[in-house]
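Chains here go by letter, A, B, C and D, matching the order in which they are written, and residues are numbered from 1 within each.
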Amino acid sequence: MSKSTVQTSFEQRLQKEKDLFIPFIMSGDPSPAATVELALTLQESGADILELGVPYSDPLADGPTIQEAAGRALQHGMNLKESIELVPKMRSKGLEIPVVLFTYYNPVLQYGLEQLFQDLREHDIDALLVPDIPLEESVELKEYAHEFGVELISLVAPNSEARIRKIAEQATGFLYCVSSLGVTGERKELSQDISSFLEKVKSYSSVPVAVGFGISTNEQVHLMKQYSDGVIIGSKIIKVINGYHDELVSESARPSALKKVKQEIVELVQ
Amino acid sequence: MSKSTVQTSFEQRLQKEKDLFIPFIMSGDPSPAATVELALTLQESGADILELGVPYSDPLADGPTIQEAAGRALQHGMNLKESIELVPKMRSKGLEIPVVLFTYYNPVLQYGLEQLFQDLREHDIDALLVPDIPLEESVELKEYAHEFGVELISLVAPNSEARIRKIAEQATGFLYCVSSLGVTGERKELSQDISSFLEKVKSYSSVPVAVGFGISTNEQVHLMKQYSDGVIIGSKIIKVINGYHDELVSESARPSALKKVKQEIVELVQ
Amino acid sequence: MSVTYPDSRGRFGEYGGQFVPETLMAPLKEIDESLQAAMEDPSFIEAYHQALKDYSGRPTSFTYADQLSEYLGGAKIYLKREDLNHTGAHKLNNALGQALLAKRMGKEKIIAETGAGQHGVASATVAAKLGLESKVFMGEKDIERQQLNVFRMKLLGAEVIPVSSGNKTLKDATNEAIRFWVANCEDHYYLIGSVVGPHPYPKMVRDFQRVIGDETKDQILAEQGSLPNRIYACVGGGSNAIGMFYPFLEDEVELVGVEAAGKGVDTPEHAATITKGSDGIIHGSKTYLMQDEHGQITEPYSISAGLDYPGIGPEHAYLHASKRVRYESVTDDEALDALQLLSRKEGIIPAIESAHALAQAFKEVKDMDANQSIVINVSGRGDKDMSTIMNVLQEGE
Amino acid sequence: MSVTYPDSRGRFGEYGGQFVPETLMAPLKEIDESLQAAMEDPSFIEAYHQALKDYSGRPTSFTYADQLSEYLGGAKIYLKREDLNHTGAHKLNNALGQALLAKRMGKEKIIAETGAGQHGVASATVAAKLGLESKVFMGEKDIERQQLNVFRMKLLGAEVIPVSSGNKTLKDATNEAIRFWVANCEDHYYLIGSVVGPHPYPKMVRDFQRVIGDETKDQILAEQGSLPNRIYACVGGGSNAIGMFYPFLEDEVELVGVEAAGKGVDTPEHAATITKGSDGIIHGSKTYLMQDEHGQITEPYSISAGLDYPGIGPEHAYLHASKRVRYESVTDDEALDALQLLSRKEGIIPAIESAHALAQAFKEVKDMDANQSIVINVSGRGDKDMSTIMNVLQEGE
């Protein structure tokens, strides 16, 4: 499959190809309004790409932190449509980095594939990541992604083995490397073999290679940046945000809470 | 089997062959001393034969009234040996009617057959009735009974059918006719077919034929006496006695209680 | 099979017989005659075996306990899987046979006694399947302890009759069932649950349970081409044991019956009838029983309700006297350990009753040779015992 | 048998597939390849069938329900007796097959999810029998409701892992098992309990359950020389149903799958996935499921824990779409009535799950002819459900 010759919005918006910081937040956690502000705060904190999660009832690729964030967001009535609608609000307030929508496949099916891609395009969302769609099941998604100029982000894992090459060669936007087997969440130690795995991935990939799953300390961030083009940080960011849950919900307390969030995140990634 | 030509004590003691009143009491209920007095009271009330029960843990031919009497007696420590030893005390106080010891077979086995018959003889007990020994299992008992000059009382039931003749012909002492199927205890109505059954039994028996099981009213007593040579009354007598339980236990209150017992019994059988 | 006792009076040597009230002689005779006719009628035998196959799941499996054999060392251990019978124990073999007989005799009502409820459930089950009415006598204490089995019986349409006499347990329920039968023998069939009671029950129940041993013989011969060296079975009344042993009586196989030693045979709390009992009469039969010096029957104790019986089938008394079968006893604790070991090593949770046989076998198997083999009869499954075991094991924690 | 779907991508028509995190693609491929090799290896097939026979008690009985057929009128009713399997349900057929595969693959640890505990018990059982370590994921709510089954699993040596995410029931236990597997797929085998999950599970579980239908076909042909007119089975995930239906797919037999309508399909409390659900993805597979307009999976409800699942195996979605199988639904109350009727008329207390199939059959059988016949799959026994039923029936008094 050849890459589209037209530059996608993702590529246009991505400012650099190295040293990327890709935070993950859950739309609607702790509130839709807070999510919009958090996106901007993350941009200020140095985020290069925003991964925006859509809450799902059965997030089987996620650890407890993200599950709980999804649970909170669902209780506020968040859903795929409303997640999408948050992005124009972020843009209008100055968000310039590419946004990747992270959603499980079932909400996508209910939404309708064509409708979804159309809405992504219309709402200035640059990429889509579906964690329960492996390469083999992604044909239809890829067609729509291509048609609507949205990047489909792929994941690759240490045990993808023979499939690493295929996945890496077909990757668009950036390639999400799972640092170790398991679900999202913090880890004390990251896999030892990660460097050779990342080297292999990078040798096949024409897009930036970012590492995710379990990165939660400044030390890990630096280590991973040595081997890859960037880090994806999810659970740790959700935890930081959740530390200021009540203040972020409150409109008046929010600005000072956002400052504290920014400070913690800068310390984590700088 | 031919009858012994020597007259047994049972035959010597039995004053008549018709119109017999055969009460049943449980040794040790309500107390050993009371049992001795009750025996005499029953003689005074017109009893022709005394059936003296030995309490047993598993009296499966008995209804609830006799079971409960046995339970009370067992709690006072009554057993086969002590039951036997009550009789000389009765005799010394003037008991002249024949005494039939009523006991299940298991205590007999533990006691030892020979020992038992010797003790029966020595303690002036004239007959033995074992409710869980049918004709077919009675060979050994019969031999000892014969040897020691003790009568072995047999039971015959309406459903004994072909065996009625055999049982009746071999009967010694008196023949215990079960009035209806079931265990001991009071009954509102007695079986309709009883007259033809009794006639048949009488036609084969050379000893008095008495009816038992369920006789509890004066009316029933009279009815049964029409068809038979006597009535055996158990549960009803136990009930009467139990009505004066506490007084009979108390040595001082006993004499007046015995009077009341006598009165009730005379009313029942006269 | 040339072992032909009992004799016509129901005697196994000096044991057995009919020590019953006169009133029961007629119904016993009726049953004896009907049984003889039935057993000679190929269509009856066929119906019985058909029901075992199509309804109860026979033949039951014969399982090589590979994990366990390896773990314990010594002889190979095979398990006869009576736990796989419909309703969960060997009890159904007998209940089915007797209910078919009752039906053949034209009786439309059956009565049964039960302790833990296993035989009660089996009786209620066959009554439902054959369209008979059923009454199950059960001690009030047992009714309280075994609510689920009481509920099962009621679901199956049985009337459960609480017995408040005596100690309100199995012995009393049996007494009460007999009393009821005495009064109602004309239209009721009494379906006894083990090889106890007056003749012809011990013989009849044995003949309906011998399918266990018959199948086992075929199965072990198919498996290894030779008979096992030893066979173990637990003994309450003794029906699963005799069912297993009977077809092997004339073979060179050591037979081991295992009684419940409760808290120890040197305590008053056990049910080790052969080990500690003596000759006497219980429930119509001459046999071994637990009694005091005056011949009063004493209350047995075992953690397993199915072994908690003060008597034993007269044929076992005979096999003990004649030394053909060796009888041992196993405590509550040993049985519980064996239950857990079988669960972990073989994925089979046995009834606590059956765990007694297992425990004795486990003690002995280690001293045997690798080229020897033993069979243990797993008489029932442990589901019924889960709350008992849960309570005991959690107390012990 | 020429029905050869799923295709190599695990698709039954448009259903099935592998909608899983990338990390699971490797272990799924490993299983798929090992399974294919195993299924072509006569020694594996032999070991599987041997274990079914010697350990689980197969073939299970095929019972003519004479009392019931007479009572209801209409067609003859036959019952396939999966309740007679070791541990009490068809679940063991699959657990045994998969555990043998795991062992062949060199995995020494298995994981499983469970709702009511039936599959958990089956998994713990086969793990014990094959010397594997086992972890069973179970929602905290279910752990509380099913204490006895939890205890059984522990007795069998399994580690029961409480799941506190989501609604703390089966769906969440499954999610959690998958999460654990993702992290530990190198040395753990995930033993799924029904024909759900990503390819090759729906196919594999079907192939290990088809023994039900294969035996049934032999048995009814032996019995009446012709196939039945209709076959009924309950559908939770759908494993007992597909196991029964699969060998009949190309025959002229009407197949009826029965879902749980809970308190009624017009209430929010039901588990009637096909009747009321829609296309979507659950646990790695495209199929029917219960979801809201936003694609959030909704909580199902049924009195029977085994049918209380918001999805259904993809092959059923296909058989529904292709109209080969008719799917109906039955309420809690109807199932309870059927459970009681079978208990009284046949002496068989079925699992509440199975009672759903019975209820639907009982509704329809009256309108059939006396020369027709139906088979109902009694997927499990009701012992596990006694306290639930006791509570419900006593409330109703």
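Keep this in mind: contacts are C-beta pairs under 8 Å (C-beta built on N, C-alpha and C of every residue); 3 or more make two chains touch, one makes a residue touch a chain.
For each chain, UniProt lists the protein as follows: A, B = Tryptophan synthase alpha chain; C, D = Tryptophan synthase beta chain.
What you see is a predicted model; the values in this text were computed from it and never measured.
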Chain at maximum distance from subunit B, centres defined as averaged CA atoms: A
Separation of mean Cα positions, subunit D and subunit B [Å, integer]: 67
Centroid spacing, where centroids are CA-atom means, of subunit A and subunit D in whole angstrom: 38
Approximate Å spacing (C-alpha centroids) for the pair subunit A, subunit B: 98
Multi-partner residues of subunit B (each touching 2 or more other chains): none
Multi-chain contact residues (two or more partners), subunit C: none
Overall pattern in which the protein chains touch one another (line/ring/star/complete/other): line
Pairs of chains in contact (touch as defined earlier), listed by label: A-D, B-C, C-D
Parts of subunit B lying in touch with subunit C, wherever the complex brings them together: 56-64, 67, 71, 74, 79-81, 104-111, 131-137, 154-157, 159-161, 163, 167, 178, 181-183
In the complex, subunit C residues that touch subunit D: 53-57, 60-64, 67, 81, 83-84, 86, 88, 124-129, 131, 147-148, 151-152, 155-157, 339-340, 343-349, 383, 386-387, 389-390
Contact footprint of subunit A on subunit D as seen in their complex: 9, 17-27, 165-166, 171, 175, 178-179, 182-186, 278-284, 289, 291, 293-298
